Structures are given as structure tokens and as C-alpha cells.
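These are the structures, in C-alpha cells.
Two complexes, one shared chain (chain A), two partners (chain B, chain C).
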Partner chain A sequence: MSLDFSVLLRFQEALALGLWTTVKLTLICIVLGCSLGFLVGLARTAPNAIVRGIASVYVEFFRGTPVLIQLFWIFFCLPLILGIELSNLASGVIALTLYMGAITSETFRASLKSVGREQMDACIALGLPRRVQVMNVILPLAVLRAVPTLLSNCVSLFKESALVSAVGMADLMFVGQNISNNTARPVEVLTVVALIYFAIAFPLTRAVTLVEGRILKKLAI
Partner chain B sequence: MTSASAPLVAIRALHKSYGPHIQVLKGLDIEMKPGERVVVIGPSGGGKSTLLRVMMGLEKIDSGAVTFGGKPYISSAGPDAKTVIDTEVRRSIGMVFQHYTLFPHLSVIQNLVLAPCKVRGEKKASAMRRAQALLERFGLGAKANAFPAQLSGGQKQRVAIARALMLDPKLMLFDEVTSALDPELVAEVEQVILQLANQNMPMMIVTHDMWFARNIASRVIFCAGGVVVEDGPPEQVLGAPREERTREFIDRVFHIKQ
Partner chain C sequence: MNYTFDFNAVSLGPLIEGLVVTVQLTIAANLIGVILGFPLALLLMSRLAVIRWPATLFVEFFRCTPAIVQIVWFFYCVPMLFNVFLGSVTMGILALGLNLMAFNAEAYRAAIQAVPREQIDAGIALGLNPLQRVFHIVLPSALRASVPVLLTNGIVIFQQSALVAIVAVQDLMYQAKTLATETYRPIETFTIAALIYFAVSFPVSQVVGWLERRRQILTS
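And now, the complex of A and B:
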């Protein structure tokens, strides 16, 4: 078997477009999913049992089912139930945001727990209203403490996003598969696609570990 | 309540327990006049810290009532009733804790201005000016932009005191504020509290440091087993206690010290 990576040169633009879709989808779902995850994490510590219950059911359901079936369900079933057409991107965003929300809510739940009673005492002693407690103390502390785990959640999402190719969304994976089928050069094409994913995911984990070590050390949190 | 003898704080029949079996406060009655500096001493588990936490509105109570400046502040009709805390009144009380409890993600000056800006709507520039002046006064002018993790324990505790003072409290509560400090850092914190005492700031202090107690107190309360055992001027309670239990405690403490 002879390898010829030059076939890929013709598809640079297609791969770049696919990568852009992957990155765009990932970034949107990181922002939305982390926000959702924080709120759900907060809800899971809420005094109200009903709020806690709803949050747990959501998290357990999304953690306990394959992402692929979640994607399929939102692509094919949700439009039927709602009676509206959803664009590929919209469906992908909804599905991966819900998945990301469930995963990061667990991360936030742990970090929220670590914002101890003493910090809460200080908030009360200073008369901070609940909104200020959450926005200025609990949220930043929980986020800073969650950074390492959140980061690996984000890298996972970046990789999991390849699943949207299964429902016809033209992301990096989808483009790669197409090129592979058209050129009958799966080894070259799929290897390069894998390397592109790796080239983005790997430095990301490294870089943030570095930054995180510095920030967290400075703040001792 | 403008009469000089009207109490600043009146605690009536205060009961507090943790769970069904641990009764910490068993009917506490304390009156505190404006300008008084009350030091609460007593054995561990005697309810001293719990008393301060209740005063700060951090704890539910079983029954009893606390008034502040003549206004109802905390009350509860019984163990199953809700503890009612007037949060407006609570804002006139400041507290400093044993473990500093500074916000680690905020710089020193941000720690100081957070509450004035967010609670009282003070302009940032004005709060920053006041904060900087307060830090200078406590010998921390150069530390305004440091983060808590970069400070010594004594510095942290002085920042915590400054942070509480930013809200112009009418009463300060100090809960074992030097207990977590290395011995050589205790004095700098006690100096700051003595400075406040000289300005007639009413305060309630829980401490194990008898030298400090003697130097700062206008009145000492010996608390044990959830009740007030002895209450009087420092010369009496620390020097010549009338109650047997107080004497035993004082003897033990000073025996260890010498």
C-alpha cells in the first residue's frame, strides 16, 4: 500500500470549512452549555425539592443515554413534536448544549460545594444580597475552581461534536468522510482529520493547565 | 432610644441547639450598653462563638429574642418556629471571623469596596478613597492590590477588620480573631482592635487571650454550659472572680500561661 497525502491538497478549503463548523458549534455549545450547567448545578443545591428533582432528572437522563441517540432524537423527533423546521445548526446546538449542560452541571456542583460555609458567612455578615452573593462571590469562585474539569469537559465536547456528522451536519468529520469516500483514500484522509482534531485539542489542554496553575496558585483557591 | 442607659443590645432568654441533643445556649440574658466593649470568655463548647454567630444573624435560634438599638432584630417563638431576622438591622453589625474569610479571588481593595458598592450603592470612586484611607490607617496602604493569598495571617485579619468597617457598623463582633495567627502576628491585629476601642466602637469579643481581654474589655462575661456564669468589670471577672466556676477557669488559663 502506498500512501499519497497530496490528494488532500485539493480539499484544503472543504476541510477548513468543516473545521470552522466544528469550532463554531463547539464554541457556541461551550458558552450555552456552561451557562446552563452552572444554573443546573445551582438548582441541584437549591432548598426547593422540586427544583432539585427536575435538575437531577435532567442530568441523570443526559448522562445515562448515548450522545448519539440524543442527537438523533433532537434532529428527527423534536421537529415532529414542535411542528417546526429546525436548521442543522440549531438542532446541533440544542443537542450538544443539553449534553454539555448536564456534564458541566456535575463539575459546577462539585465546585459550588467547595465554596464553603465560611465564604457564605462572610457574605451574610457583609449584608450582600443573594444576587450579589451569586454573581460576585459564588460564581467566580466556583468557575475558577471548576476551570480544570471544565476544560476537559470542553475538549470532550470538541471531540464529541464529531457525532453531528451522523445527522448530516457538514462538520470536519463529515467533510473528512466525504472526501475519504470520494477519493477512496481512507487512510490518508482519516489520519489527517484525526491529526487536525488532535492538533487543536492537545495544545488546548496544555495551555490551560499552565494558565490555570498560575491563576489558582496566585489566588490559592 | 436616646437615653444613655438604654441598651444597644438586649438578648432575652436565648436558646439554641444543634440537632435534638446538643443544646448550646440555654437561656442567655445579656444587655449591652452603647460604648461597651464586652469580652466573652469561657471553655470551648460553652457557646461563646455561637452567641456571636447568632448576633450576626448567621444562625437559627430555638427561642428568645435579640433587640438592637431598641428595634426587634432576631426572634423565634419556639424550636419549630421560623427564626425572624431583620436584615436591615443586621447591616449595622460587622463581624470578623477566626479564619479571615476574605474573598480569595478579589484584591484587598476589591474585598473592601464590594459591600459598600453593592449594598449601599456607594460610588466606586468614593468607596475606593475610603478603603485606601482605611488601609493606610491599618498600615496596609501598599497592599491594596495584593490578593489575600499573598498576605500574612495578621495582614489578612487586618484587611478583614477594615472590610467590616467599610459599612460603618454600630457594633463589631470579633470571633477568636487571633486564634489562627502565629504568635508574633497577634499584636498587630490586637493593636488595630485597640485603636477602634479608643474611638468608642461598641464591640463584643470572643478571645482566649487573657492579656488582650484585660486590656480591651470594659466588661467581661464568663460563659459556660450555655449560660452566663459571671458578668462584671474585667478586674472582677479576670482578677477576683466571685463564682467558683469562673475562678477554676481563670486559674487553669493563667496556670497554662505562666
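And now, the complex of A and C:
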């Protein structure tokens, strides 16, 4: 079969628009998801068993089920339960934020745990008040340690965002599938779509490795 | 809300049938991933750039593109490009298996590189030849170290397998979608389907957690 990539030139704008939707959705959910994840991460170490329980169930459930089914649930069931109409974007944001919150909470929890016992002991030895201990010692260390994993969580989110195409949101994948159906040229169109995702995710993963190296060096000193 | 739940409207039969397909996909993809991931990891660490580069490209491509794009690409493009027409379940297994192979290769590579230098030095001191060092020192500890990650990747593939529903493989997700439309009971159907997925992946993830904790205790 002959390949003809020039077909795609006609659809540059549509693809750009799709990519913009993907990027927008990813960025919104990174901000909301990380904030949620931090709170849930704290909640999972809370002294109160009920708070801890609720946080654990949330995290385990979202990590234990396919993102696709979470999306379907939020797109089709949440409006029925709440009795309100949700826009495509709103449902997409809710679904991916909840997903991102669950995975980043694990990242934050692990990094909070990894802050050495010595640091706490040093705080006590120095007689620092509890607030200073948390805000000026534990938090900066924990966030610093969490950064590399958080970045790879962001890359995962970027990739998972392609799932919203399955519920009809016009992201890059959705636009790509539409073009491929209309032009009957799936090979060219889908390959280019895959390459666009790759062109964004690959440099990000490299950046994660670089940042990780830097931070590890910094923590070692 | 004024929605009356009726969980009886959801017939479990099709969901179980779907689960069987999902489990088949998962097991077959894991066989491909666990077995072929290892040689791929060796290629990744090859000293020859000609071997290392294609292997790296393969792995990075699967790791840096969305799984749904890979699956849709596979289902549409492989028959057109290579003129092969396989059953949809076989296609699903191949797509998921290749994806898992890439992720497992990374896991193996990390585990092999994490074998402490001293152990290899000890091997040299004991007069083992390079092949013996690989088979008796590096491999056993690397394989053991990679088990938790392999299991995690295995569950991830179990969850990712839901994506094949988009290309009409009749797995659990597909059956749930069909049932939800037929019965007009999306809440009940999707909730039950989600619980089924959860019931399978949660125990496995607990086992992974236990293995990791045990390993930490053993190594510390």
C-alpha cells in the first residue's frame, strides 16, 4: 500500500485544536490533581482513623480500577446521581483530577515517609515549634523528594488524557480518529497522532531523569 | 437525586463472560511481557549502539505514547500495513503484550543495574568467569528484585486491557458498555464492573506491597 502523509496538511488546524484541548485538560488536572493529592497524602497519615480510612478507600479504588471505567462512570453516572448536566470538559476535568489526585497522593505519602527520622530529631533538639518543623523542614524536603515522581505522574496524566476521546471529548486522539475515519487513511493519521504524543512525552521523561539526578545530588550534600 | 437503584437489572452473565476474556488477555499479555521483556532488557544494555538504539526506541515509544493510541493504531494499521488479519482477541493480546514488554524491559534493566558492584567484585575474587557471574550472581538477584515491579506492571495491563473495548473486543468493559445501553442502567452496570476490576487488582496490589515491605526488611 502507498502512504501519503500530505493528507494531514489539510487537517493541521484541527489537530492543533485537538492538541490544545489535550494540553489544556492536562494542565488543569495537574494543578487540581496535585493539590488534591497533597491533601489526600496528608490525610492518609492523619491520626484520625476515619479520615485515614476514607482517604485509603479513595486512593485504592482509583488505583485499582481502569481509568476508562472511571471516565465512563463520571460521564454517564455522575450527572444522573447529581441530577445536573455536566459539560464534557467539566466531566473530563473531574475524572482526570480524581485519577491524578489518587496517584500523586501516593507520591506525596512516600516522600513524607522518606524524610529521615534524624531531621525530626534535629528539630526537637533545636527546640523548633511544631509549625516550623512542618513548614520549614519536613515540607520542603518532602516536596523536593516528590518532584521527580510528580513529574512522571504528570507524563502519565498526559497519556491517560487520551482516554477522554472514548467519551467524545475532542482531544488530539478524538480528532485523529475522526480524520482517520473520514479520509480512510488510518496509518498516516494515527501514526502522526502517536508521534505528536511521543514528541511531547519523550522530552518530558528525559527531563524527569535530569531533574531526578540533580535532586539526588542536592539531597546527598 | 431521584434515581432508584436496581442492581437486579444487571445480569452478571455477560459481565462474567467479559471478565473471562479480560483475564485471558491479561495472562497472555503477561506471558509475552515477562518472557520477552528480559531479552529486550539485555538488548537495552548492549554495548553495541546498533542493537541498543532500536531497542531503546521501541521501549521509549511504548512508554511515551498513550496506550489507547497504541491499541487503536495496532488494530487499524497492522492489518493494512502487513496484510495480516488476526482475531480481535489475538490482536488485543499482541498490542497489550508489546506494551507490557517495553515496561517490563525497563523493570528488568533497573533491577540488573541495581545489583551491587561489590557482589560482582566478589564473583571476580572467587574466580568465576563472566558467564558464571551473570548466571549465578546477577540474574538471581535481579529477577528477585524485579518481581514487585513485574506484578505491578501486570495489574496495570489488567486495567489497561479495558481499552480493547474501544476496538470492540468483547472484554469486561465492552460487556459493561453494552449492558449499560441495553438496560438503561449505567450506574449499576458500571459500578459492578468497576468493583469486579477492583476485586481482582486490589488483592494483587496488596501482595506487591507485602513483597516490597518484606524485601526492605530483608535488605536493611
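Rule of thumb we're sticking to: the second predicted complex is superposed on the first by the 197 of 221 C-alpha atoms of A that agree within 3 Å, B and C clash if a C-alpha of one lies under 4 Å from a C-alpha of the other, contacts with A are read in each partner's own complex, and residues count from 1 in each chain.
Everything that follows uses one rule, which is that a residue touches a chain if its C-beta (ideal position, glycine included) is under 8 Å from a C-beta of that chain, and two chains touch if they have at least 3 such contacts.
Being a predicted model, the structure only gives us computed values, none of them experimental.
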Which of the two partners, first being chain B and second being chain C, lies in contact with A:81: first, second, both, or neither?
-> second
In the superposed arrangement, which partner chain does A:137 touch: chain B (first), chain C (second), both, or neither?
-> first
Taking the superposition as given, does A:122 touch the first partner, chain B, the second, chain C, both, or neither?
-> first
Touching A:218, do we find chain B (first), chain C (second), both, or neither?
-> first
Counting touched residues of chain A, say whether chain B or chain C comes out ahead.
-> C
Which partner does A:68 contact after superposing on A: first (chain B), second (chain C), both, neither?
-> second
Please write out, lowest number first, the residues of chain A touched by both chain B and chain C across the two complexes.
-> none
What residues of chain B sit close enough to touch chain A in their complex?
-> 53, 56-58, 87, 90-91, 93-95, 97, 99, 101-105, 114-115, 118-119, 147-150, 163-164, 167
The answer for chain C against chain A in the complex is residues 1-3, 60-61, 63-70, 72-73, 76-77, 80-81, 159-163, 165-166, 173, 176-177, 180, 186-187, 190-191, 193-194, 197-198, 201-202, 205
Going by the contact rule at the top, pick out the chain A residues touching chain C in the complex.
-> 1, 60-61, 63-70, 72-73, 76-77, 80-83, 155, 159-163, 165-166, 173, 176-177, 180, 186-187, 190-191, 193-194, 197-198, 201-202, 205
Interfacial residue positions of chain A with respect to chain B in the complex | 118-119, 121-122, 124-129, 132, 136-137, 140-141, 144, 218-221
